[in-house]
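Residue numbering begins at 1 within each chain, and the chains themselves are lettered A, B, C, D, E, F, G and H in the order written.
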Amino acid sequence: MDLRKLLEEVKNENIDIDFALEKLKDLPYEDLGYANIDHHRELRNGYPEVIYCEGKSDEHILGIIDKMNQKSSNILGTRCRKETFLKIKEIYNHAEYEEASKILKIQNHDIENIGKGKIVIATGGTSDIPVADEAYHTAKFLGNDVDRIYDVGVAGIHRLLNKRHKIDSARVIVAVAGMEGALASVIGGLVDVPVIAVPTSVGYGANFGGLAALLAMLNSCASGISVVNIDNGFGAGYLASMINKL
Amino acid sequence: MDLRKLLEEVKNENIDIDFALEKLKDLPYEDLGYANIDHHRELRNGYPEVIYCEGKSDEHILGIIDKMNQKSSNILGTRCRKETFLKIKEIYNHAEYEEASKILKIQNHDIENIGKGKIVIATGGTSDIPVADEAYHTAKFLGNDVDRIYDVGVAGIHRLLNKRHKIDSARVIVAVAGMEGALASVIGGLVDVPVIAVPTSVGYGANFGGLAALLAMLNSCASGISVVNIDNGFGAGYLASMINKL
Amino acid sequence: MDLRKLLEEVKNENIDIDFALEKLKDLPYEDLGYANIDHHRELRNGYPEVIYCEGKSDEHILGIIDKMNQKSSNILGTRCRKETFLKIKEIYNHAEYEEASKILKIQNHDIENIGKGKIVIATGGTSDIPVADEAYHTAKFLGNDVDRIYDVGVAGIHRLLNKRHKIDSARVIVAVAGMEGALASVIGGLVDVPVIAVPTSVGYGANFGGLAALLAMLNSCASGISVVNIDNGFGAGYLASMINKL
Amino acid sequence: MDLRKLLEEVKNENIDIDFALEKLKDLPYEDLGYANIDHHRELRNGYPEVIYCEGKSDEHILGIIDKMNQKSSNILGTRCRKETFLKIKEIYNHAEYEEASKILKIQNHDIENIGKGKIVIATGGTSDIPVADEAYHTAKFLGNDVDRIYDVGVAGIHRLLNKRHKIDSARVIVAVAGMEGALASVIGGLVDVPVIAVPTSVGYGANFGGLAALLAMLNSCASGISVVNIDNGFGAGYLASMINKL
Amino acid sequence: MDLRKLLEEVKNENIDIDFALEKLKDLPYEDLGYANIDHHRELRNGYPEVIYCEGKSDEHILGIIDKMNQKSSNILGTRCRKETFLKIKEIYNHAEYEEASKILKIQNHDIENIGKGKIVIATGGTSDIPVADEAYHTAKFLGNDVDRIYDVGVAGIHRLLNKRHKIDSARVIVAVAGMEGALASVIGGLVDVPVIAVPTSVGYGANFGGLAALLAMLNSCASGISVVNIDNGFGAGYLASMINKL
Amino acid sequence: MDLRKLLEEVKNENIDIDFALEKLKDLPYEDLGYANIDHHRELRNGYPEVIYCEGKSDEHILGIIDKMNQKSSNILGTRCRKETFLKIKEIYNHAEYEEASKILKIQNHDIENIGKGKIVIATGGTSDIPVADEAYHTAKFLGNDVDRIYDVGVAGIHRLLNKRHKIDSARVIVAVAGMEGALASVIGGLVDVPVIAVPTSVGYGANFGGLAALLAMLNSCASGISVVNIDNGFGAGYLASMINKL
Amino acid sequence: MDLRKLLEEVKNENIDIDFALEKLKDLPYEDLGYANIDHHRELRNGYPEVIYCEGKSDEHILGIIDKMNQKSSNILGTRCRKETFLKIKEIYNHAEYEEASKILKIQNHDIENIGKGKIVIATGGTSDIPVADEAYHTAKFLGNDVDRIYDVGVAGIHRLLNKRHKIDSARVIVAVAGMEGALASVIGGLVDVPVIAVPTSVGYGANFGGLAALLAMLNSCASGISVVNIDNGFGAGYLASMINKL
Amino acid sequence: MDLRKLLEEVKNENIDIDFALEKLKDLPYEDLGYANIDHHRELRNGYPEVIYCEGKSDEHILGIIDKMNQKSSNILGTRCRKETFLKIKEIYNHAEYEEASKILKIQNHDIENIGKGKIVIATGGTSDIPVADEAYHTAKFLGNDVDRIYDVGVAGIHRLLNKRHKIDSARVIVAVAGMEGALASVIGGLVDVPVIAVPTSVGYGANFGGLAALLAMLNSCASGISVVNIDNGFGAGYLASMINKL
C-alpha cells in the first residue's frame, strides 16, 4: 500500500482527488455483500486464500471461490462439509479433499517452498489425527516440508523419546493432544525451538470438550510454548508456516 | 379484570378518568390458559406483537396468532421452525418467512416509519449473517431505515475502515460478531452513537457457544457499548428501534 | 478528520507531502510513552476526558491529568483510589471526589446540559448504591438531568410500582441490581424506553461475583434491555448520556 | 434381611416390639440385582412409588413395574420415553401418559387427597409448560388440589398481579421459569407461604442450559424461596405435596 | 400513594372496603432515599424486620434501625460486622449479637411461638456451625422450637443414625453441609418431611467456594429436598419457619 | 529393559554399536504410523492390551488388533461401537461384546487370577450400570474376583447398610454414582480399604454432565477415596485390579 | 445409644454375641455438641485420629484434642494455624509442628510400621513442596517408609528419568503437581503400581486455583491413576498408606 | 548428550560400565533436594537460567541462585518479591530489580545479541504495562532488540494505526491486552509475522481474572496468532526470543 506514491500522483495531478479518495477508501477488498475478499493477501505474502467454511452456506462458499478463482489464486478451505466439496468438485474438477481433516484444496498454480526448515507435527494419540492432519495439509499447502510423528503421548514416554531424532530435526513443532495435553510440555522441555500447542476435544467427561488440554497447555511449565484454539489445526499449521518462513 | 365494569364506574363517576387511564395502561391481557396476550402493546407503542416461537408447540403458536390476528395486529415471530411456518402459511397466506434468520412476518397493515435516523448493522464474518438478519428484519418490521455492512471483522481492519462513511451515517449501530467479538470495540471507538453488541455462537472450541464473544463485548474498553444475549438478533433490532424512535 | 481538505491542500501545494504524511500518521493522540491521550474527543462530542484509574500508578494518572489540564478539558476519573485523589487535590485544588462511587471530577469549564430528557437510575437495594452513584455522577458530569430511585428491588414489587410516575418520566433508564438482577426485566416490562442493565457484585455464594445478575439480565424476557459489565456504573452512565443526546 | 426371623424373635420375646418396629421402619427393599425397590414407602407415607425412567432400559423399567404392581401400588414414572410407555401400555392397559411432561401413571387404587390446602403452579412463559406440568401431574397424583397460572412472567408484571387472588389462595407455590428466572422473586415478595422455585432450561445463549435461571433463583432477594434442580418439575411437585401435607 | 385519600374515598363510599383492603395489603413503604422500609411486614405475618447488613454503610444501617425502632418492631440483622454492632449497642443497649453467626437482634417485644412443630438443624461438620447458627438464631427469633445436631456428616454415617430419634421428631429439617454436601441426601432418604439444604463454602480446592456442595444438593437423588444459596443460613431458617407455621 | 546386559554385549563386541543404538532407540513399540503399540506390556505386568476405541476409525482399530493378535495377546477394547465389533467379529470369531458397557474382549489365552482379594463395585442407581459394568468387565478380564452391588444410593441408606457384609468383604471398592455422587463418601466412612470413586454423567440440569458428582467426590469428607474421570469405568476397574494385585 | 444396656443384654443372653459385635463395630462416638469424636478408629485400623483444623475455632480444636488425649491416641492435625499450634503446645508440650505443611502431631505412643512397601512422593516443582510434605508427614505418621523426589516436572523429563530407580522401588506413588499437572501421566506410564495424583494450586492465570492440573490429571491417558482434591496432600498420604497396608 | 561417543568409550574400555551407567543416569541436573538445576541449559542454547520465584521460599531461591552463580550463569528471576530481592542484593550486589514487572536480573557475563530482527511489544492500555515489561525485560536479557508501543488499544484504532511503521518493522510481535483482548486480532490482521498474544488480568467483573481476554485471543479470527497464559509476560518474551533467534 504505497501511500507516498499515491500522494505524489495527486500532487502531480496524474490522478484527481476523487479518484484518490476512492482508492483510499477502496483498499483491495472485493465486497460481495455477504463477504469482503482480500485479493492482495497472496500478493503480499505468497499465501493462498483461506476460506473457513463452517457456518457458511454453499452459495456463499461457491461465490467466494468464484471470485478467488478469477485471480487464479490457490485456495484452501477448512472445515469443509463433504457435500459442499462435491458441489465444488462439479465446477472445479481439480479441487481436492482430505476427508479426515475436511480440508479443501484448489491449486491453480505451483506451491513455492517458502519454509526454511522442517515442521514436525506430533500427536498424543491416534484419535488426534484429524486435527493434526488439518495442520499438516495447511502447512504443506503453504509451502513447507512437514513431518508427522503420531501416537507418541506421554503415558508411554519412550514412544516419544524414540522419535528424538525427528523432534530434534524440527525448526518448529506442532504438538497436538487431547485428554491431559501434556505432550506439549514434554516436547517443550526437549527442544529449543518454538512449540505450537493444539489442544483437541478428544476425550470425555471432565475433558469438557478440550478445556482440560487447553488449560494444561496454557499452564505448561516448559518455556517456548504457545497455544491455539481447541481443534484449531489450521491455525497451528498457518503459524508454524509463518515462523518457518522467517 | 373487567374492562366493562371499569368503564361503567367511570361513567357513573365512581372513579375518575385519571384513575381509569392509569388502570388501562397495563391492560388487558387475554388469557388463553397457556399464554397471556398483551393486545394493547401495538396501541401503546406502535410496535407489532412478537412471538418467541422456540419451545412452543405449533398448537400454541397458532392459537396465539389466531387471537392476535383478530385484532388485525402486525405479527412478528422469531426462531420459527420452517414446518411451523408452513402450517401458518396454510391459514394466513400473506405470512412471510425469512429462512436464514427464521423470522415469521404477518403484516396486517402498513408499517409506519417511526425511526428518526438510520440503523446500521455490521457483522464480523459471513457466518454471523443469520443473527444479523434477525436484527435487520426486526428493525425493518418495526419501522426503521436499516443498512447492512457484512464481513468487516477486525482481522482485516481496513474492510471496516473502508465502510467508515456508512458507519458515520448511523444513529444507532448493531455490531454482530462471534469468535473474539472485537468488532464492537473497534466500532465503538470510531463513533459517538450507541453501539448494541450481539455476540454470536459462531466459532468452535474455546468459543464455548458464544461465551468468548460475550465476555469480550462486556469487557469492551470502548464507551457507549452495551450487550444483548448470544445470538439475540431480535433483541438488538428491537432495542435499536426503541433508541432510534427517541 | 477532513481528508478531502488535506488532499486539496496537498494538491494546491499549501502543505508538502511529508507534512501531510505526518498529519495522516499523527492523528491527534498525544503519546506519553505509557499513554496515548485523545485530545479531540471533547471537541468531537462535547464530552469530558475519562481516566480509568484502576491499575494505573499515581505517576501515570498525574501525568495524564497534567496533559489534559493543559487543554482546559473537564476531566472525569473512575475507580480512583482516595490516596490518589488526595495527591491530585494538592495540585488541582478544584478537584472533587465522590467517596462511595470513587469518582474524581476536575471541572475546568461549565458543563453544558446536552441531554434531551431525563435519565432515571434505579437500584434493587441499598448495597447497589456505589455502582449506581458511579452512573449518576458520570451522567451528571456529561450534562444530563438525572433522577435516582434506590432500593426498589422486585422482592417488594410495590416499592417499584409506587415510583411508577418517576419511571414513566424517563427517556432512558439505568437499572442497577445485584443478587438475582430481576429489576431490569420488571422495569423493561413497564416502559417503552431503553433500559441499560448494570449487574452488580452485591450478594454472596452462588452469586459468583455478579455472574448471577449478569446472566439474568442477558436472559431477560423483556425487550429493550441491554447489559454492561458487572459493576460498570460508568459505562451505563456514559451510554445513557449518549442515548439521551440523540 | 429375614423378616420372618425378626417376627419369630418378637414372638419368642427375644427382642421387644419397639426394637422390631424400629427395624421394620427402614425395611424391606426388594433386590432385583439391577434395582432395590422400597415397597414400604406407600405404607409409610401414603405416596405412590416413583420411577425415574431416564437412563434405564425398558427391561429394567418393566421389571420394576412388575414387582410394584404385584403389591397393587400406585406407580408414577417420570421422564418416560413414549416408546417405553407404549410397551408398558401393552401389559398394563390402565397405564396413562402425559405427553408434554412425559409422566407415566399406573393407578391401582384411589388417590386419597392428603393435601391440606391448595398448591399453585405458575410459569414465566408458555415454553415452561412441560416442566410445570411435570410438577402438576406429580402433585395431583400425590393427592393435592392444584391450580395453574401459566405465562405470567415478570416482563409484563400486571399479568401476574392480575392473578393475585389465585396466588393468595395458595398454601404452597411452585414458580417455574427459564430465562432470567425472576418470577420466583416477585411471587416470593407478594406472599407469605413457601415458594419452590424451578429453573427451566428454556432460553438460549448465555442461559447455559438453565444456569442463568438457577443462579437467579438461588440469589433471590426475597425470603421464603428455595430451589430444586433445573427442569425438575417432579421434585417441586413432590416437595410441594410434602409441605402441603404438614 | 396517598393513604389518606384512599381512606377518604372509602368513607365517601367512592370505593368499597374490599378494594381498599386490597390496596392496603401492599402498603406502606417508608422511603429513606437509600432504603424503602416495609413497616407492615410484622403486622402482616408476625415476623420481625430483617436487615441484610453486608454492603450497607453503618449510617444506612443505623438509619434503618432508627425508623424500625420507632414502630417498636423486633429487628433481626444478618451478616452484621462486629464494629457495626458496637455502634448500634451504644444507642440501643438491649441489642444482642451472636458472634459466630454475625446475627444482630433487637427485641422490642416478646417473641410469640408461631411454629407448630420442631425444626431440626443438622451440620456435616464442626466448621459448618457459623452458617447453621445463622439458621438457628433466625428460626428462634421467628418464634420456633429449634434443635441442633452438629457434626453428623455422612463419612461416619452412624453418627447420624445415632441421632435418628431427633431427626424423626422434626417437622422441618435444615441440613447444612460443605465439602460434598451429601448430608441432605441421606437425611432426605430417612424422613418424610421437607429438608432445606444449605451448602456451605467450607472446604478448599475443587470445592470452588461451596459450588461442589451446591451442585450435589441440587442433584440429590432423594425427594423432598430444596436448596438455598451457599452459606445462606438465614434463608433456610426463615423458610423453615414459614413452613413450620403452616 | 536390561541396559547392563546390552552394554556388556557391546563391550564383548557380541553386538556392534549401531545395533545397540538401534536397540536403545527401538524400544519395543511397534509403529504403525497412526499408532505405537506396546507389545511388552503383557510381558511386563501380565495385563492384556487395551484399546480405547472412541475417536479411532475402524481401519485403525482393526490394524491395531491385527498386530496384537499376532502376539496372541489378550485384547480389551473400551467404548467400542457395536458396528465396529461386528466387523471385528467377522475376522476374529472368538471376539465377545458387552453391549451395555461397550466392552470388546478377544481372549487368546486363559486369564490368570492375579487379584489377592475381592473387588466390590457398587452403584448409586440403576442408570449407573453401564459405567459400573465397564469397571466390572475390565477387572474380570484383568484376573480378579469381582462382586456387584447395584442401586444402593444414599437416599435410601438402608439399601446400602443391608449389603454391609458384602462391602466388608472387599479388598478394594469401586463406587459408581451420578447425581450428587454421595455414595463414595458413605462407603468410605464404612470401610478401611481404598475406595475408587467414579462419577457418572447420569442426571440432568445442574448435573452438568457429571460435574456435580465429580466435585462431590473430590470434596469427600471421608478419607481413603480417590477419583477417576466422569464415566471412566475402565480406569476404575484397571486401578482396582492394580491395587488388588499388590 | 446405651453401651451398658447392650452389654447387659449380652450378659442376660437376650442378644447374642455376634449381634453385639456388629452393633459395636460402628460405635461409639463421643458427642461434644460441636463435634462427634470416633474413639474406636485407632482400635479398628491402627490409625491415629485426624483433625481437619481449617474453619474450626481454637476452642473447638482444643476441646477435641482434650478428649482424644484422654484415650492416649496419637493425634494428627492438618491445616493447623501456627497460632493454634502455639496454644496447643502450651498444654501438650510434646506437640510438634511442620511449618511448611502446617501439620500438627501429638504422639502419645510409638508409631507401628504398618506399610508393606515404600511410598514415593514426587513433585513437579519446588513450589509444590508444602502440599507434598503434607502427604509425606501424614504417611510417615501412619507408619510408612516414605521417599521424596522433588522438582522432577515434565518440562525436563530427564530429571524424572534420572530418578527411575527410586520410582521403580515404590509400592505406591503420590504425584504432586500444579501448572499443567502432567507429572502423574508420565509417572503412570513408567510404573505398574497405583499412582495417586494431587493437583496443586501452584501457578497463576488460567490455572484457576489448580483447576488446570486437576482436569489434566482426571483426563490422564495413563492407566492406574486416580485423583484427590486440589492441594489435598493429607488425602493422598492417607490413601497411599491404606493401599500400602494391603 | 553424545550417546555414540559414550558407547565408543565403553567399547574401547576407556570408561567402565558402571561409570557409563552412572553417566547415563546422571544427566547434568544438580539435585538440591528441593530443586533440580539444569546447568547445561545455557551451554545448550545460550539462554540464562530462569527462576520462577512465586511460591518458593527465600531460602530455596537463594540456594538455587548460589548454585547457578557458581557456574557464572546469567540469572533471570520472575515474579520476585521485593523483600526477596533485597536479601539477594545483600549477597549479590550486582543484582538488579525491575519493580513494576518484578523481574530480578543477575548478570554475570555480557549478553550476546542473538535475535535476528526486532521484537515489538504492544499493550492495549497503560494498566497492562507490568505484564508487558516482564516480556520486555525477558527478551532484552535473552539478547534481543525490543521496541515498546504502549496504550494502543482498539477502542481508538488510530492510536494503533499511527504506529504502523513500528509494527511493520517487527520480526515478532507480542500483543499484551486485558479487557476484551482485541489488540492481538487487529495487529494479526495488519502484519505477516507471528503474533504472541498475552491476555492480562486487567479489568473487572465479567473479565473473570483475564478469562475474557484469554478466550478472545484464542478465538481470534486473524491467522498467525498464538496465546500464552494470562499475565505470562515472561513466557511471551521467551518465545518471542526463541522465534527471533531462528
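The rule is simple: contacts are C-beta pairs under 8 Å (C-beta built on N, C-alpha and C of every residue); 3 or more make two chains touch, one makes a residue touch a chain.
In this text the structure is predicted, and so the values were computed from the model without any measurement.
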**Fill in**
Maximum distance between Cα centroids and chain B occurs for chain G
**Item:** Rotation, 0 to 180 degrees and nearest 5, that superposes chain C on copy chain H via CA atoms
**Value:** 90
**Prompt:** Using CA atom averages as chain centres, what separation in Å is found between chain D and chain H?
**Reply:** 58
**Request:** Determine the centre-to-centre distance between chain C and chain D, using the mean Cα coordinates as centres, and give it in whole Å.
**Result:** 49
**Message:** Need the CA-centroid distance for the pair chain A / chain C, whole Å please.
**Reply:** 41
**Fill in**
Multi-chain contacts in chain A, i.e. residues touching at least two other chains, fall at 125, 156, 205-208, 211, 214, 218-219, 223, 229-230
**Prompt:** Of all residues in chain F, which touch chain E in the complex?
**Reply:** 124-125, 153-157, 161, 178-182, 185-186, 188-190, 203, 205-208, 211-213, 215-223
**Item:** chain A residues within the chain H interface of the complex
**Value:** 44-45, 50, 116-117, 171-172, 192-194, 196, 214, 218-219, 223-230, 235-236, 238-239, 242-243, 246
**Request:** Under the touch definition given earlier, write down the residues of chain H that touch chain C in their complex.
**Result:** 100, 125-127, 129, 150-152, 156, 158-159, 162, 164-165, 202, 204-208
**Complete:** chain C partner, complex, touching residues on chain A are 3-4, 7-8, 10-11, 13, 17, 20-21, 24
**Request:** Going by the contact rule at the top, pick out the chain H residues touching chain G in the complex.
**Result:** 25-27, 29, 33-36, 38, 52, 54-57, 60, 64, 199, 201, 209-211, 214, 229-232
